[in-house]
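So that you can tell them apart, the chains are marked A, B, C, D and E in the order they are listed, and the count of residues begins at 1 in each.
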Amino acid sequence: MDISSVGGIFLGLLLLGGAILIGPTGFGAFIDIPSFFITCGGMFSALMIAYPMSAIKAIIPVGMKVIFGKAPDMGPLYKDVVDMAAIARRDGILALEERVGNLQNDFLKRGMQMMVDGNPPEVISAILNKDIENMESRHMQGSSLYKNMGGYAPAFGMVGTLIGLIQMLQDLSDPSALGIGMAVALITTLYGAFFANLFFIPMSNKLNERSAEEVLMKKMVLEGILSIHTGDSPRIVGDKMLVYLTPAERKAVAEGQGR
Amino acid sequence: MDISSVGGIFLGLLLLGGAILIGPTGFGAFIDIPSFFITCGGMFSALMIAYPMSAIKAIIPVGMKVIFGKAPDMGPLYKDVVDMAAIARRDGILALEERVGNLQNDFLKRGMQMMVDGNPPEVISAILNKDIENMESRHMQGSSLYKNMGGYAPAFGMVGTLIGLIQMLQDLSDPSALGIGMAVALITTLYGAFFANLFFIPMSNKLNERSAEEVLMKKMVLEGILSIHTGDSPRIVGDKMLVYLTPAERKAVAEGQGR
Amino acid sequence: MDISSVGGIFLGLLLLGGAILIGPTGFGAFIDIPSFFITCGGMFSALMIAYPMSAIKAIIPVGMKVIFGKAPDMGPLYKDVVDMAAIARRDGILALEERVGNLQNDFLKRGMQMMVDGNPPEVISAILNKDIENMESRHMQGSSLYKNMGGYAPAFGMVGTLIGLIQMLQDLSDPSALGIGMAVALITTLYGAFFANLFFIPMSNKLNERSAEEVLMKKMVLEGILSIHTGDSPRIVGDKMLVYLTPAERKAVAEGQGR
Amino acid sequence: MDISSVGGIFLGLLLLGGAILIGPTGFGAFIDIPSFFITCGGMFSALMIAYPMSAIKAIIPVGMKVIFGKAPDMGPLYKDVVDMAAIARRDGILALEERVGNLQNDFLKRGMQMMVDGNPPEVISAILNKDIENMESRHMQGSSLYKNMGGYAPAFGMVGTLIGLIQMLQDLSDPSALGIGMAVALITTLYGAFFANLFFIPMSNKLNERSAEEVLMKKMVLEGILSIHTGDSPRIVGDKMLVYLTPAERKAVAEGQGR
Amino acid sequence: MDISSVGGIFLGLLLLGGAILIGPTGFGAFIDIPSFFITCGGMFSALMIAYPMSAIKAIIPVGMKVIFGKAPDMGPLYKDVVDMAAIARRDGILALEERVGNLQNDFLKRGMQMMVDGNPPEVISAILNKDIENMESRHMQGSSLYKNMGGYAPAFGMVGTLIGLIQMLQDLSDPSALGIGMAVALITTLYGAFFANLFFIPMSNKLNERSAEEVLMKKMVLEGILSIHTGDSPRIVGDKMLVYLTPAERKAVAEGQGR
């Protein structure tokens, strides 16, 4: 669970909901089903035209990642690789076989297995780098999808407001209805601005942050695997991986290892 | 037929049309022929000034691709190349001659024919890479055309609204006509925003997605052809091509081949 | 004459002019000399501050290129180079001397003359590539000038509307004058949006397209010249140049040559 | 203390506060707690969704840097490195050991320590360059955070204004309340524009400037360390570092050294 | 004196001033001291927060360059370098010593002095290239400063208009005061749009153009110096420098030299 995302969604709904509740009209004036269909339905239609079906199906699972995703835990990975470097140094790479089977991290496991299977480092590097690249471009599609949602939602909000205004302007005979008509017309613009700025655009950004963290983690692991393959000492393997950590993570790792 | 595109167009028209139909004015208030001419005619005039005639003629065929285009089917291509790799390994490249004649995919056929004709790999690679590059830049022109349509349509929508406002403001003596005049003036802005956001901008994006898929397919095929030329085993030829596939496609290919 | 540009300008004026004519006010309401001076004069003043005098003087000639320019005709150039390749193959490079004097295309003539004069290929390549680069950056200045015109015109349109609004708001005592004042204020915004979207922005784009065509033509010619210098057969010289052509041009060239 | 930042904040508050005070309404009309919660609370919620918790926690400390940060003082650093170059030239690198312990600048100290410890130059260069890169990307996250604050604040300002307008339009029966309602609705837009343009966007820019200065300082120091390692004369070490200084700093350094 | 800049400023003030003068209100309605303080003072405060003090102090001198700067005169520089190439060819590089002392252009003088002092070409090239790079980044800061002024001015214009609107809306009881209040509120927006579009944004562009010219001049000079160092003939030195000139400058140079 991403506490920051969940907290942000909760706080945003609370604050904006509160601002509406203490106002003179209550919630009722802000709920309008046709306005919702124009804004979100229009946005969804545009997305279907803009993206292949496979990307459309990924909207929900990708969105879930913003709420349930968490940053990869670099410390244990660092420790695992350094431990295996010590074993490889002492007993040779083949001695890692058993240990590899128990690894939690798929990427590390796959890379170590390739090494134990006797693949040369350039092959391991090429395949795992391509894997990282592929993951990045998949992530980018997900994040660009949410960014586009953040563009289409206000656009269809404006389309809805224009429709409402044109309808309202056809009959100006009843001034008291004018305000209500105008208010309803503005609701689609509000929906578009609200969904885009509180959900879609920030979610697109969080997806980018998550992707960057995962890329960094995989690059650190790959660096470690290739370093073990070269026959580096555990200390050098660790130093090569440390540069991928933030100062805070470095300190945590150092404490965890008594270094 | 691109189900996603067709579904999106259908859904968008349904939702926005429905929102208008349940409104107080019906469709009539939203149909105005001069407004259509200002918005779409102005947009089309600007496109004619902005692009050479050849690009203007391509507007309709390029647009059709959004509706009728489909993603290239990577599985059979993968299988074809791996099969030919096995033949080439066993009986030599010349043994592929007959098989090449029956290939469905033009790009694969052309590349294999060049190989069978005895061209060196650097020539095949140079010519096919230039072909991919040319295709990309042609696709990009098509997609930029639709992107520009998505920019000019709202711009001329605004020009139309300004014309309507200026006409309306010349005579404010009849307040009841004011609303109608204003409504008509806003219709061009609505047309521009509607066409741009429901059609042109998403279509430009889908054209980019389609182009990327086709480039990936051709790059995979080229990788395979060059791998056969090098004399790689069918297994290695396949592995080199696999990295161009998404995880889902890889699984499909693996199942289709019993790997 | 660029039929597409001329047609676009004609069509745009026709449609927007027609929309005004069938309106209730006629043309008179849309013509206001001070508004024209604010919008176009302000734009021109900003351009003078933004660019050196040499670029300002080029506004008209560069604009003329949009109307009178035409795409370079690649076919005859292709044929000329291939013919000369045949002569050079048969009788040596010096045999081209007479032919070179009669060449129409300046760039081809200059390159061939350098070859006949005995300059080494790296010198020819360096000088002609620098020539292409210089041409591109000159073209880019022209196109950026029109793009900036497309930005300053609406900006000064808005400045004019603000001036008009402030003047109008000083005296609200006569409601009937209010509409006219507001209409006049809006005319500068209309002028800015109209000139920018129907002329300046599309013209900037056409200038870019023209520049890209000319660059491609020169690159094809340079490729051919260097290929002749290397002593390639006419067939290979032709093949190396073909990759710079679109599929349609390739077909036209092939038909013209009975290939 | 960054005099420029503090002065700018002071001046901005003074001028805008003064403009409000001399107006007819006084401050009271511009203070509205719910508007503040919608604008800044909405912005903060969006940031929590957009960034990981670690970045959210850094908002205050990063902002403090704009006020309390100062440009690194290049002169003493230049002098320290040149002095050590003279010692190294005369007595060897090991003679620097004692001096290194007393260095103020952490980056310089760390680099010199690595040299004294006998690390080869490519290792020192790789580790210190990675350190500079890491610092830059940390700084960039901080500055992008403030840039995003400058985008979300006006966005939620607009959301707040839409909420206010919709509430106001529900009841137009009391015209005297209309103006107040509209004024309150506009306050969120004012808050958003004010915070973004006076604080968040300029602060993001200052953070970038600060980061660039620090990167330059570290690059100069690294250049000097590597130059000492190569065994360059103090004069050449100095010359290699001088190119990182502005003309003003060069003059100051030259005067300070009697060069 | 940059005639184009001065003419543009003069023309812009004349046209917009004239448009105001022939209007019904005269200049008085457009002058409002508090509005000026909000727009320009707010902009200046934001700049102080955004930039270090050294950049703020450079606003006036950098702006002066737009008015008093002029394009470097390439012809005499070209001639000087070619003349020195002839001397160096005939009598050796040391024979240039006296001539170097009389050179007008600082950059040329410094480069030639380094050559006469016996520095190897890679050192001269490295130092002078770094000098060009430094100059470019200093210029870029100046031009970005004016570009940011063109962004902050309209932003604070909008802030001022919001403040004015909120004040006006507090008391709608006197309709005649309404127009004046609204007019005053709009003046800050006018000021922001006017200063940004007539001064700051075009000036930023002119600064970029000036910088590009100066970079080109220095690159031409450096090319010439290195060519003399290599021992090239005056003709080749000239040819290497010619590619940095525009066609018009080349013709002027050719005529001036009787080539």
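We adopt the following convention: a contact is a pair of C-beta atoms (placed from the backbone, for glycine too) under 8 Å apart; a residue touches a chain by one contact, two chains touch by 3 or more.
Note that this is a predicted model, so its numbers are computed, not measured.
Chemist: Can you list every chain in contact with both subunit C and subunit E?
Modeler: Chains touching both subunit C and subunit E: none.
Chemist: Please identify each chain that touches subunit C as well as subunit D.
Modeler: Shared contacts of subunit C and subunit D: E.
Chemist: Taking all residue numbers used at the subunit A/subunit D interface, answer same if over half belong to both copies and different if under half do.
Modeler: Homomeric contact, different residues on each side for the most part.
Chemist: Using Cα averages as centroids, what's the distance between subunit A and subunit E in whole Å?
Modeler: One centre to the other, that is 43 Å.
Chemist: Determine the centre-to-centre distance between subunit D and subunit E, using the mean Cα coordinates as centres, and give it in whole Å.
Modeler: Their C-alpha centroids are separated by 27 Å.
Chemist: Please output the residue numbers of subunit B that touch at least 2 other chains, ranges allowed.
Modeler: none
Chemist: Line, ring, star, complete or other: which describes how these chains touch one another?
Modeler: ring
Chemist: Going round the ring from subunit A toward subunit B, what is the chain order?
Modeler: Ring order, starting at subunit A and heading to subunit B first: A, B, C, E, D.
Chemist: Using the touch definition up top, name the residues of subunit A that touch subunit D in the complex.
Modeler: Touching subunit D from subunit A are residues 2-5, 7-9, 11-12, 15-16, 18-20, 22-25, 29-30, 66, 71, 175-176, 178-180, 182-183, 186-187, 189-190, 193-194, 196-199, 201-203, 205-206, 209, 213, 243, 246, 248.
Chemist: In the complex formed with subunit B, which residues of subunit A make contact?
Modeler: 34, 37-38, 41-42, 44-56, 127, 130, 134, 138, 148, 152, 155-156, 158-160, 162-173
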